[in-house]
């Protein structure tokens, strides 16, 4: 049996069903990401696991033990709240030291650990500041430090990096991964950022509307979406109807199915053996940094195409362009 | 932004300060000037204050009042802290009813209250007799007409006040703080000790100040119960300014002024201590 | 996390009983024929109430007291709430001064205050009854202050004001639309507290307007010398009136919201 | 403005001294009302008095109840804006009011019937009625009502004398006890000693001898003014309580009317005093259990029933030296604390 | 003169200088992004512009008028708070309607506008919910709707999309841009997401430590960073010392300068005319979605390389690979 299993959990607020018979299981030491649109129930699921919200139905087991009715503090579960929930009457240092004090650690050890973790998240110079004196990102880092420092068996992170810039964020992703692997912490990480989800997780649970839409490794989810929802949500795929596919390939194809998905970066400038070609005109160009996104009009159908940002290979506005796509890069759904 | 701000603020505060000047400052000035005048309102003197300081009778009344006020305020605030919290656990419609009832009792004081306690615990009080029927002499353990009885009755009129004043502050506690502390291994008790309580502390000490002052000035209830058996300041002042015996309003005023100064000092000390504890407040 | 509600039930029950006992005792005394050396009264009667309600002065006194206190309370609320708000939010430096001012009323014996006020205002242009209202304002200062402040502390009033002002609300609008609804329950609680304190005020009213304006407390003091049963019935009647009044205050002030809720429910159903 | 008011008062004074009763009555009717302080309907049957004044002279009336000290404060602080015309104060407040210049003198038609000790030579104050310290016993609690101060000392019940630091009644109780043990208004040591002994026995009750407390049976024996005792007795249950004047010694004191110097209705106030000292007025007071100051008023039989027989009063003495008593009274609160309450457990 | 100018603003809390003599100017109808590391002063700057925090020094002018001392409500500035600041006693609908009511709009018009904006941000079915009944992202959208609906002259947005997933986010970026252009609103947009900044803004002000580090169009900032800070922050550039450059190119180059920056996506699999080559071994592979990030070890130096995610062109772990880089893609700083 898995380390953490959630068995047919249902949760509703009034007559709104927020979690619908949801199950998942996570191995010890795994880092799993919950990904899903805003309001799909990610925070609610974490709160249920932590024991902060009682499910209407279903069971939660940790390490073969049913904990459905255990109070939060006996679950050995840590959590970073989406809204931080820093203690307003304590400095950053005191906030972070709080959990360690609860473990009755010695003053010296606490000092050492707190200093180290504050250093890690980069707010050591704010250790004597109170939460209301911190910027948004600093608050978030304090909240992260507070839950990581106690090294819980299971750590639930509700969008723990959402207020941070790419630099700190990437750094913290790496650090979290390291800590997690070193200590064998089982982590559930909520994020709305698919790039983050892909970069950090062993597996991704993609949620939609209180249910699990798809589970798998990042690559599986990315390359083998099993539904239009996954394709749109994870890959920013071009989702096309049969008619649209007919149109862009001039009906010269042998695909079956009703709905099709093509990743925007799957289009190549150069042809290969088994490929189709499309011919379109550039309608819009957005530079996203390392990526340039083109909107191509292919016979009345709008297609998103993403290319690396190479200064010497830019396609121009209104330019006509032929691109190629591998056959296996066209995914079809029923 | 600053200058505009002040104009707006001043405009809003104008009626307040006007009322204060007319109805608080005027009596205070009268009181101070009376406290500085000799018997029958003649001349200027510090004699009244000197008398307060050299006469152990007045000193004792300060001490007794301070003791009973502090004890009853503290007991009141402690109990009320729990009770007000328990209130928040009920449905809001029911809370309303509870508060209404508490409010009603907050106003139950003076002679009628003392009399109600006499009915319950007096020489032939309901409980006195009930206990007697079980062979227990209540008065061996408890005398209504003593410090114990007095404390009980002070607590009675302090409690509702404290509950009413403390009730709203619990709304400011974010449930998430509690959750976060539980997940970090804190018990409910620890949460309250380390976060909840420090957070509501300013309101609690503020309430304590009010209760303390309220008890220092309380008069009717104590008087109806123990008369002058326990030497209390308000009874002293009352005797000096409004008795049926020879009055010495100047001395009474001096006592009142001293009382005011004491309360101010207590408040400032309280404030100072609070800032030591809650360093996040500027 | 639904846990141990019974603890709170027990706490509240014990507390309520402690508060209720003296009132119950008073009530029993008010319907007792006589009650001296027994656990329960010798017999029961409503004659004390009959005697009381037969007296037109009782009803008159109630009415007067009601008018005086309600009138004063309106002014008190209108002045105090904005004052405490402005000071806690914009001028926290003045807070210490306010705290001191607020404690003063306790240190001034009623008679001394009365003497000062009589000296300043007797025979002047301000009618004495207004002076009484002013004195009332001072008397309930501590409760209004502490009550309003405690509830302001419980909402992030500074941030909410900012948001409202940026949406184009004037300070007054922002205050009435956003802050006020959030601290309303605190204001109501302290207002009914203040209201009942004023309802029970005796010394000042008596010395300032006395015989020409007999309030319920003056009436009570007068009749207290006739019989303990009678005065108990005055006390009980007085509390009943008080509860009814406070109940009305609460009802009236929370009615608006109910209507609003209902309206939004209707919208939802369509 | 100041000078003008001076002359005004002088004028009133002069007028008061020279006017005939008819003229006063006439002017009082023109004034049409009288405002009193501390003369409520229920005290000493003032209610009847006001009613008579209204029916006979169409004087409208209103009263504000308060303590003696408050009465003088009110007179003083209101100054020319007086709202009170006449008040009723404890005997030692009479001279005080006069010294402070708060009073308007008026001697009534029966001036000479009032004993010397009970009036001011110039007419600034005059007692309307007296009270004598008496014992009020709840026979439910005490089978053998005490008759002398020694009976109480040797009893096994609680004794309530009220608040000695504040009330006149209580202070006179101490004085009466002192007198029974050889003390007087200059020396109340023996009175304090007497109560100290009771306190040591644990029998000194702190409770107020109010009607409610008596009714509830919380008081065994109370030391009170005779008029209060009789009133309480009749109000609660005539057969349950007994009122006795201590046989060995007691003390007499009384209440005096004072007319406000700045009264808005000075003639009505004079007329009220006139009426109070008249036969009818005195009988009214007796109906309210107060002992009329005029000895020569013939009380109707039903009224005689209500008061105690004259002979019980033979050992009751008035205070002779007010100044000395004032001085002593000032000391009492503290002495009481130090000498008596210290023994209360 | 520009529409909004900020002239040498300084702000400090106690002895911490949060804004240091900072100036900027924005044209009417422009959308400018403030980008910068957590704690650099972005929120503080917005609050100063809105009049919520008084600067210690400096001036703010809008439309040629000095507003430094004007109260917030007279500035016609709207703001989305980083912490949302929704009114807890009002439903979503009432929150959004608040500003319109202040404008004394008719009930019908308010109804119409609120419904439309709630639809736009996708929380119309939550209109009767109270803020505490919303998910994090729903709260954020309510806050956004509330400030946009009043159509202020200047709109300050403090990380208004940080709690939203890529889908909604992209959609809202587009919508915001449309509204902004239609109504000519001048917007200052704070974000920690450089991709968002590049996608949405006319110009970017990059802040660091209370000062402006660089200003320019997204492309300028991306392709022509004028400092190591910009290079690291915006482009996720490989920043290399002279010694490292010598090492990776085997000293076969003619670059001058001490510090160099190379974008990770600048490396090509195929050579072109004026290019250098590097040869390294793959140490780590991260799939970020449309991008795959490789860590290449080139003679002791770690280089980040980003390639489009093409299933048939993946480099393998431990594979030796030669890549090419255009000469102009190596930027040097003094």
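Labels for the chains are A, B, C, D and E, by order of writing; each one numbers its residues from 1.
FYI, a residue touches a chain if its C-beta (ideal position, glycine included) is under 8 Å from a C-beta of that chain, and two chains touch if they have at least 3 such contacts.
What you are looking at is a predicted structure, and each value in this text was computed from that prediction instead of being measured.
Across the assembly, the mean Cα position most removed from that of subunit E is the one of D.
Looking at which of B-C and A-B shares more C-beta pairs in contact, the answer is the pair B-C. In terms of their C-alpha centroids, the spacing between subunit A and subunit E amounts to 20 Å.
The mean-CA centres of subunit B and subunit E are about 56 angstrom from one another, to the nearest whole unit.
Averaging Cα coordinates per chain places subunit B and subunit D 36 Å apart. In subunit C, the residues that reach two or more other chains under the touch definition are 29, 35-37, 111, 115-116, 119, 155, 171, 224, 228, 231-232. Multi-chain contact residues of subunit E, defined as those touching 2 or more other chains: 71, 83.
Within subunit D, the positions touching two or more other chains are listed as 66, 69-70, 73, 210, 212-213, 216-217.
Considering their complex, residues 29, 34-37, 111, 114-116, 118-119, 122-124, 206-207, 210-212, 218, 221-222, 224-229, 231-232 of subunit C touch subunit D. Listing the residues of subunit A that touch subunit B in their complex gives 50, 52, 71-73, 77-79, 81, 83, 85-91, 98-99, 102-103, 130, 132, 146-147, 150, 152. Those residues of subunit D that touch subunit C in the complex are listed here as 35-37, 40-43, 62-66, 69-70, 73-74, 77-81, 83, 140, 210-213, 215-217, 235-236.
Across the interface of their complex, subunit E is touched by residues 155-156, 159-160, 162-171, 173-174, 177-178, 181-182, 264, 267-268 of subunit C.
By the touch criterion stated above, subunit A contacts subunit E in their complex at residues 13, 35-39, 42-44, 82-83, 123, 126, 133-138, 140-141, 158-159, 162-170, 192-195, 198-199, 218-219, 222-223, 232-236, 263-266, 268, 272, 286-291, 306-312, 326, 328-329.
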